[in-house]
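Note that chain A is present in both complexes that follow, paired respectively with chain B and with chain C.
Then we have the complex of A and B:
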């Protein structure tokens, strides 16, 4: 956009806060059940933003997104149960832990070809699920943990409405912040690594380090979403972090379009989670549904829905002779 | 003794899956996340054929033929339907197929494992004298794996087709210039990968039973075995698999079943840090 709008001297933090507040306002126009769906949707948007940052922007495939969601959910709940601290303490600790684990995993696997990350994260997810099921009192074994009721200053008890509001606000804020990061020096470095790794290196980009950073950021986002998910559902469910969930996350990203965009990560979960959930359409065919959609979109519309629509618009404009 | 042979047998199954992964990756550059589901399909075919009372030759050739056909389907999807897609999309595509196959098996056969009769000799122990016995099924598994490895090795070194496949793996453009039908060779690589996976399924079926997630459980050890060969060396995949099988078996006995996955994962990390180009590989590493 060369003839851009006059730039307001506002930081992205202000825009993000405004979008977050708008999301909260929208929440309270909804009846109870759609409101709950909206909360889950907000959590999925945060996860998908992270997965898209890794897959769509940096061009790296990870299968550990459910593991990090699980780490967020279990760690924050365990901290709350054991140390009797409020979510204001447990959530930041969990997110930092998620970031660190992501950094270590990335350091090990990302010196090599990109597909090694997919393999290592595949195994990591396996190990995480074993730990979860065998962790005894710390993870609740195969049954999961029940999330205690927490309090926040000023607001008081963290009810379901409050959790949904926090999730919605964070999702709004993250949409703007992640968009900002994608346009920043770091985001452009990620895109360069995805498209032209050798050229990127010649430009002086520390390729392994930037890849590791992308994975750490993506992991931290998934962990954050996981802490919200536990509060939202009231329990940590060990069967909610399987490989099928990773495929669902990938499907959101691929359907949204694997590009440096923040529209895709909103559109993907909306079409694939909110709409089927509203119509209660899939049931036991959920895995088949996600697998089939994923394959179909890869074949028919490799740029995802947003990419295809913008392609069509460009072509339409060309036909109109503009 | 039985422990060691059992470990080698499980390792041989890992090795077969890893050899399939290596064959496909070397030829096409695709890490096939559905290799375990190819195995699962072969195992189901074997069980259904034995239950239907087909002749022994049909029991053996049926799953192998199915493996070849599934390999061709994968070739069609990855090379024809996804021909313009970047590598990462093709890998995601194999992941999608793996989930689809697993979900389909679950809808058709449910999660309950089906029992399978071991191949040819049944399930009995053979005495070696002085009180030691070994399971004849384990021996069958190891022998079949060795035969497959030998056959592949001979094919790649001695036959025109094998040499052509290696040439395509090295450099598809120059291979095409010399008149090698590249697509046909890639199709052959995929179906070879499918055949090897189906064989692994038939061998694994009597050991673990047949269930939809059986292949997914083998995939990660097979990845590690393939990584030990740097995704280049069939020999490395074979030895990587066997070493891993033995280590896992002794880990389960020594430390307990819970530690198995942790030790497996630690082994992968160790390999990646110590020799990322593969333990049994002489090629220099592509870092990106």
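Then we have the complex of A and C:
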């Protein structure tokens, strides 16, 4: 579990930036294909941070994460195509939109919990997919949109390497910032609501507001990741936002540990996405491999990776103490 | 609070209930089980909706909702401590400062000077409060791993953190030992005198209430029956009658004394048992035995290992060392369902009943997995209804609507439905009014007379001492003494004073 607030001698922004730069540096040590995988991994880390915040911290089960990835990808691409603006404009607009839609979805779902909440968010995802497929020129229908080449000041053309670098940097920064939020007053309130909602309310926590806030933050993260994903793949792909993807996101969180930790959202996608990708050579058996890893992790570490590690650490500490 | 009515599905929990609490006093609210004390507090907090009446705070009529309590300066604790188990002890207390701090998402994410200074101030204050309530472990310890007494302390500290002017405490002494209760009383007095906090104390522990309150209100069946100083209430006839029942003159007859049993065969023998959870060893080399036809008491303070010992006998956690011998055969390492099937029945401290099912359904569920003909089943249910007349009146009520005493009876009835050959009771008297405890003692004594051996884990020694033949004293997971209960009761008091003062 989180310890008391670590004393940061300087702003977490500095640490986030350093971690982001380290991620970029690492990117350029990789050969092209692993580099591309690394970019996708960074995008998944950002999404999983958001899903974990909702499920692992605030205790809300949502299946809408792919919808927000889709909103990010499509909205940002559509803005770029229609308004001919660079990503510096389209991405922030998309993220703000994602935040607002997440806030609304959160408000609508306030009275619901558990499976009912999951059903409503699933309905939201379904509606989104229908809109996407029927959206004509705005969404590219079932084919999706082709992402135009964009430019950035100083850097110039946004090549694949640049997109991967941006994704990696953002993932590093977000790991630090989300970790800080989870350790802050807001994070404590989320955890309190998850454990004892009535007691939390009696302590003066505005439970509805905190739940909507969790939805908004989580949605904004997924939307941001979505804008990167479109740039990374060069297209928006309507089939990439299905229920399967939502389940995959949840699996990353569960395997990662469903705790107020930022290690889980890194470990989850690493084990379930990067490792199977690395073994792409084994071809059709890749899915078997994925399933085997999933089963193995859940048998060996039933509380997810971070949950089990923290158990082991307390055990180790107790042994040392004796 | 004036003329407040509350009813749940036809049951009137509060009827024109009125209570007025003066600023700066400690006000006790007492009454037997099911009198409506907790409902009164829940209504005051807006957790339960009232059908009529009004509530006034500081001369303003209010319609309380849980989230606005902090605005009114009201803080409360729960009968069963409501602890945020995903947080550490310190973080739990910090949640109490939620409404006082402003740092939002951005400030939190960036650790701005505002967020940092708030955190620093609140952390310092939280640690002071934890010390003040007598919490003596590492503040960063995860709340999951803490014992019951510590959870109570954390809850009180968390509530004080929000700087309430009115503090509502729902049975704060339930599950605490003598030393812990004394410390609590001193702390409440200090909170009241030094911080000027008004306290409403809902309690079963009448001596504690009389000892620490300025004013006492007694209630019975949803209505107030008397308000006055402790001295007045003590002699008020209506109050005495409500607590002791109308026949309290006859009550003097103690639970039947155990008949002399000839040869006692040991049906359960625990040999040098060691067990624990995760990395912590809780029970160390504990040996004890239970013979046919006897009641054995397992005495010890909070966190001494009573519950863990009983649970280990049932097979969860599994023993790490030593042996458990049942009727001459080792049952070490068997799974819980097989141990239960072998005839050991445990009534857990939390009175495991299903809140959303009726009394009848609860009883039926208890026979899951054993084959009974319709006639046998009906017989057993009938037997329970004669044993527990209180349940007979409430057969169709939902488990969750029962009072504490009725729940305990139902929990015992559920276990008896399986006709166990040994009954283990884990702190059955927690949260029960004296009359109910007497009733419990009689029921247990009757069971014993019918040939069912019983082991009772208790810290409230007064009711077990007269009916138990032998007692074990457990502390720090070791059986430290064995002997007649009355003798042990004294040495326990000694041990408690001793150990309690070291911990303080």
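Going forward, the second predicted complex is superposed on the first by the 278 of 322 C-alpha atoms of A that agree within 3 Å, B and C clash if a C-alpha of one lies under 4 Å from a C-alpha of the other, contacts with A are read in each partner's own complex, and residues count from 1 in each chain.
Please note the rule applied: a residue touches a chain if its C-beta (ideal position, glycine included) is under 8 Å from a C-beta of that chain, and two chains touch if they have at least 3 such contacts.
Since the model is a prediction, treat every value here as computed from it, not as a measurement.
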**Asked** With the two structures laid over each other on chain A, which partner does A:198 touch: chain B (first), chain C (second), both, or neither?
**Response** both
**Request:** Examine A:185 and indicate which partner it touches, taking first as chain B and second as chain C; both and neither are also allowed.
**Result:** second
**Request:** Considering only the touch criterion stated at the top, classify A:164 as touching first (chain B), second (chain C), both, or neither.
**Result:** neither
**Message:** In the overlaid three-chain picture, which partner chain does A:224 touch, first (chain B) or second (chain C), both, or neither?
**Reply:** neither
**Request:** Once the structures are superposed on A, label A:97 by its partner contacts, choosing first (chain B), second (chain C), both or neither.
**Result:** neither
**Prompt:** After lining up the shared chain so the two structures overlap, which partner does A:43 touch, if you call chain B first and chain C second: first, second, both or neither?
**Reply:** neither
**Request:** For A:305, decide between first (touching chain B), second (touching chain C), both and neither.
**Result:** neither
**Request:** Return first, second, both or neither, reflecting whether A:213 touches chain B, chain C, both chains, or no partner chain.
**Result:** second
**Request:** Could you say whether A:11 touches chain B, chain C, both of them, or neither, answering first, second, both or neither?
**Result:** second
**Asked** Intersection of chain A residues contacting chain B with those contacting chain C?
**Response** 198, 201, 207
**Asked** Which part of chain A faces chain C closely enough to touch in the complex?
**Response** 1-5, 8, 11-13, 177-178, 180-181, 183-189, 191-192, 194-196, 198-207, 213, 217, 259-260, 311, 314-315, 318-319
**Asked** Mind pulling up the chain A residues that touch chain B in the complex?
**Response** 55, 59-61, 63, 108-109, 111-116, 118-120, 122-124, 126-127, 130, 134, 197-198, 201, 207, 243-244, 247, 250-251, 254, 258, 284-285, 287-288, 290-292, 294-295, 298-299, 302
**Fill in**
chain A partner, complex, touching residues on chain C are 45, 47, 66-67, 69-71, 75-76, 78, 82-88, 90-91, 94-99, 101, 103-105, 107-112, 115-116, 118-119, 123, 139-140, 142, 145, 158-159, 162, 278-280
**Prompt:** Contact residues on chain B for chain A in the complex?
**Reply:** 31, 33, 77, 81-82, 84-89, 91-93, 95-97, 99-100, 102-104, 106-107, 216, 219-220, 223-224, 227, 258, 261-262, 264-265, 268-269, 272-273, 276, 285-288
